């Protein structure tokens, strides 16, 4: 039995059922996914400031998810907001859709492009790929020019635009696979497919929501048998390993109980 | 129920039980792994010519595994011999230990090194990382200077050497994680750990055998629910998509029944 | 007359006079620097969580500095915490010590290394260089193994350790210039030099505090004459350019008056 | 007197005279080139599996060429199939068209593109450039969409398509030189030029067949005077340097007499 | 009081007033810029040979400027001709428009393109970026196809072409900022703006003449207070540090008095 | 019959016989090499200013060599001084030892290091490799700390130091091949070998003088049969293709008759 917390880092529950219905069909037997959302904080993390404030909420959710006994925590946004912070903060595996799907992309095709929602996301996703070291096989990062709140109002239009743009980008930039660079696009497209709307046959579509959940299942498994032996020496070292007192102060500032 | 074929691309069964005992503890419930070996061909694939002839056997095994109904095929050697060829040849997911473990390494630490068996493997592994696009986070590829047949004679000594060298390499090259660049080292180290010998506490150890098997589980799951949508447009296009007749001739030359 | 706000992103005033005395001698005529600190938030931003919470304070300070009429805002920490967020948030130039000093390093020598405080900073600084696109000329990022609160207790020892390690790193990694990767090291070393302690003669020392302040002077000048024409199309686009209402909400969440 | 074996790694002699007539005019005095082909194995090495089986034949041919006293061995396909394997196997210089022509391209123009036959070749050639370390100056790898057997039926059409596409690619991607990424395209174009059909005047054409043969002449010369001092320490170490017995077994498996 | 020598590395004074009127408005209080030109040597440094001969004149001018007491020396051409040579030769800061503006570009936008005058400049500018280590954030180097002498005859047409092409390049290549890759384009565009002609609102324009002068001001300041501590160990080591006699001979060959 | 001009870009004939005796044994039948030197200009091109003045002489020599009917021109210094300038200026092939030997290095071993004379050369050679696009396979550039005039006084000591350092560098940096990064080291080592002094058996030695001469033979051959089809569109475009009048002026300034 593997329990995964999939956090929609948006304020309010408007995307929860969408995620649930487009992720659930792909779980393996014995896995449950609970979709969480924020009750405070920014509506969406599109801009750097709103993303930053959202990440504060994400850290709190990560701690809460660990406390609640989840086996893994998925950050449901392709910015992977708060990914490194959360890994520092909790012991359960933390998975980001962008990190995991770009890491595994070569199994799906020789080169990939990322297709995200809007122009603000493009430079940030490019920066993330540099940090992850996964830009070598990336042909391009491009956008369909939709913002989050609009997407939720017309999911079919999003799916259609995404499919058309995916074919165009694959052709123009020579990508064999397209990774949706936005969890809402991914969900909208998957929903359309589940409802029988046409899929692209021109390019391999990598659904980062599904990849993230599957990697979460895998890391949870590995954790359970002692094979998710993450280094706690530097990058992911929790502050308490250096100084418990200051770690406690930080936990207090964050508004959580003392953590690892 | 997920059935994985783990192929030891060595002639003879001498490493089969070693792999079985060091991989089985990490399977999830419902997965079975069968360890295969070659009955003809080179003993070991250490050199380019012997690797090449081994890869002919590997392709045959991949087809046989697909015919036998396995859900995924793991090539049990850190050269990932025959990886792209097999993906062209069969429809079940094919996983290589090096590709999968270097792809996922950032979740284990900021930078990694690969520690392989002997000097001949170092340049080849470096070449593979370039092809995979996973060299950005790799600090170094180094060797402990053991060859396959010797390793099987003294697994504890291999484990001890590997552990000592891993600490040294991590310190010298600034790696937070070490990926064993040889499935026999990985198995020898894991066996030692399972038997209670000391583990390193200085560096995160990534066991590529386990990672490969876990990724095989994951891709098999995704395949089963239609989410392993690999591109068949170019890199992994089977010859039959271009020309069935020549594909049949190639299958005949390989000594297998017509394939995809 | 150019007024620069140099923010020490630490809680409390303990480093203020140190910065003031080691930056003031290098101002040009007509520039004043006010050193600010935080009154709430983490003591130091060493870890990812503490850095993240510190960055919330930094954003507030950036807005406050703009409101107070400063011509430029320097973030006084080599992590450049909150750099992109603040650029999104205010119209005055925002300068980070690491970004500016690594950008200009080639004028000081062929290749540079960054010498920072402790092991936790090394991976983060490497990530920053990737994001900035300034890693091509960087030979290495290394640490002297001091934490902030300890450094403030023995500045001369820090200066001595830094000088010795700088010579060692330059020799080992082939760097012609060393950039202090910590504003406290930079200040400690500069203070020692101002007090007549020996300087290294083996390697060019780039003081990122001074570089940041000088670049702040320069960008403030350019801003004043209409030559700091930053693109507000994507990377540095403020949220209000997309949607004023949500921008106001974010400002409210941050606890500042509506901003750009 | 320099004797070069140019192997057409195709089954059957259909391309032999084409190669001979388009390479011979460019030999220096005292060089002879014999064009070989395979009598068994795949027709063409276009796909990974067919390439792999072709490479087995190529290795046998390399050994045979060395036994027959040739001074150098050219693998007549722009995949450079079997290049590293053959270097491990024989002592005479082994030359690949892609490796040699991309290595020397800067003498012909600032940046180059590779123009190959079909979509299946594009990813493989990109991978080869990574392995060779020659991708820095490569603008693009593109295809004219012809397969081998079709090309041989209408060489003039191939030449016309290649010339038109070369101009287009040079313009679009900013390449000053075009390397034919297929020995048959190279031969078809050269044949057309020799027969007086129009050449492009827009871009420098690098004929990899000719470059390979000229480099083979050069390495044969250097070998003769002791200046082709290839390292036999790792990458090109023959198996016999490690273990004669297993090397003999591999030679037997390959179906050749014991080699170096 | 800061005195900057801005050298137009052209033979004759035809561009002097243009530079003066388009740089002067952006000086800070207390800075004077004198615009110099060559009285002998090539008209323009467009080609490699003419650039090389121009660089001889530039070195002489650099020495003359230092002797005349200037605080910094700006080489007024985006090839940055003679940049490293002059740094070896004089002690005052030497600034090149391309090096300084590409180094600082990230403060203006996420990625930049360089827009230069003609096709001959494109490869050279690409080479310079590689040498500087500033190509990571460069999307493209493109040209408007004007030569120097023609530009001086119709500055408004140059400005119009440059503006139009800048918008096009930013759109096509995804750049947020455009750096003029030619000091004459920069001056023509700036002059048009000063005269009230339309500016682009689509992309951030970085004027390398202004950036170079502002960086010269800054380095002159730093030099004055002992903070421009350039390494004289290797890259910028003057010959006299190795051997005074040969340094004197070189100075004599160059036709200048003995220098550093 | 191929006639090659090998220019020692040094003032005076002191290195001429050394080059002649260490290159001649490796010529093919029918090739003659004449070794030239400068009668004016700097003694050695070690520093940027002396290199620059030497390059003026080199350009004159290139034109003189073409006029004298040589088939190719080799610039006998591992800085490849004047390489691009000369290619712009003459029609015969121009070859640099560093460009040609780093381009071909992969045929000699997996990775190479460059071992040059002194500390001043190290950064310049690193810059050249970036410009050439050949740094991907380069492990390091290191020096033995000898200057030109000293080397000529004790060639055996140079050879001994070079051999010892080559072994050390190969071991430390993981290079399989060492390219001498100085034509005098190359000649000194080759002379020692010809005289029977011990060779290294640890690493493949690439002699750039020999490689340059062999590539010159090859390009001369290709030129003779119309296969050295260098692009004259941009990078190597002569000024006369743009404007004959200014090209004539440049030729006059250089002190040569009008050229291409």
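Odds and ends about this structure:
Think of it as A, B, C, D, E and F in the order they're written, each chain with its own count starting at 1.
We take it that a residue touches a chain if its C-beta (ideal position, glycine included) is under 8 Å from a C-beta of that chain, and two chains touch if they have at least 3 such contacts.
Not measured: the values here are computed from a predicted model.
In summary, the chains found to touch both chain B and chain D are A, F.
Relative to chain F, the chain whose mean Cα position lies farthest away is A. Taking the CA centroid of chain C as reference, the farthest chain centroid is that of D.
With centres defined as mean CA coordinates, chain E is found 53 Å away from chain B. Chain F has its Cα centroid 28 Å from the Cα centroid of chain D. One inter-chain figure worth recording: chain E and chain F are separated by 30 Å, centre to centre, where each centre is the mean of the chain's CA atoms. Shared interface positions of chain F, i.e. residues touching 2 or more other chains, are given as 110, 122-123, 176, 233-235. Interchain contacts (touch definition given at top) occur between A-B, A-C, A-D, A-E, B-C, B-D, B-F, C-E, C-F, D-E, D-F, E-F. Across the complex, chain D is touched by residues 41-44, 46-50, 52-53, 55-56, 59, 82, 84-85, 88-89, 119-120, 122-124, 127, 130-131, 147, 233-235, 237-239, 242-243, 246, 249-250, 253-254 of chain B.
On chain C, the positions that touch chain E within their shared complex are 25-26, 28-30, 93, 95, 99, 103-104, 106-110, 132-137, 176-177, 202-207, 210, 214-215, 217-219, 221-222, 225, 227-231, 233-236. Contact residues of chain F toward chain B in the complex are 110-111, 174, 176. Only residues 122-123, 126 of chain D touch chain A when the two sit together in their complex.
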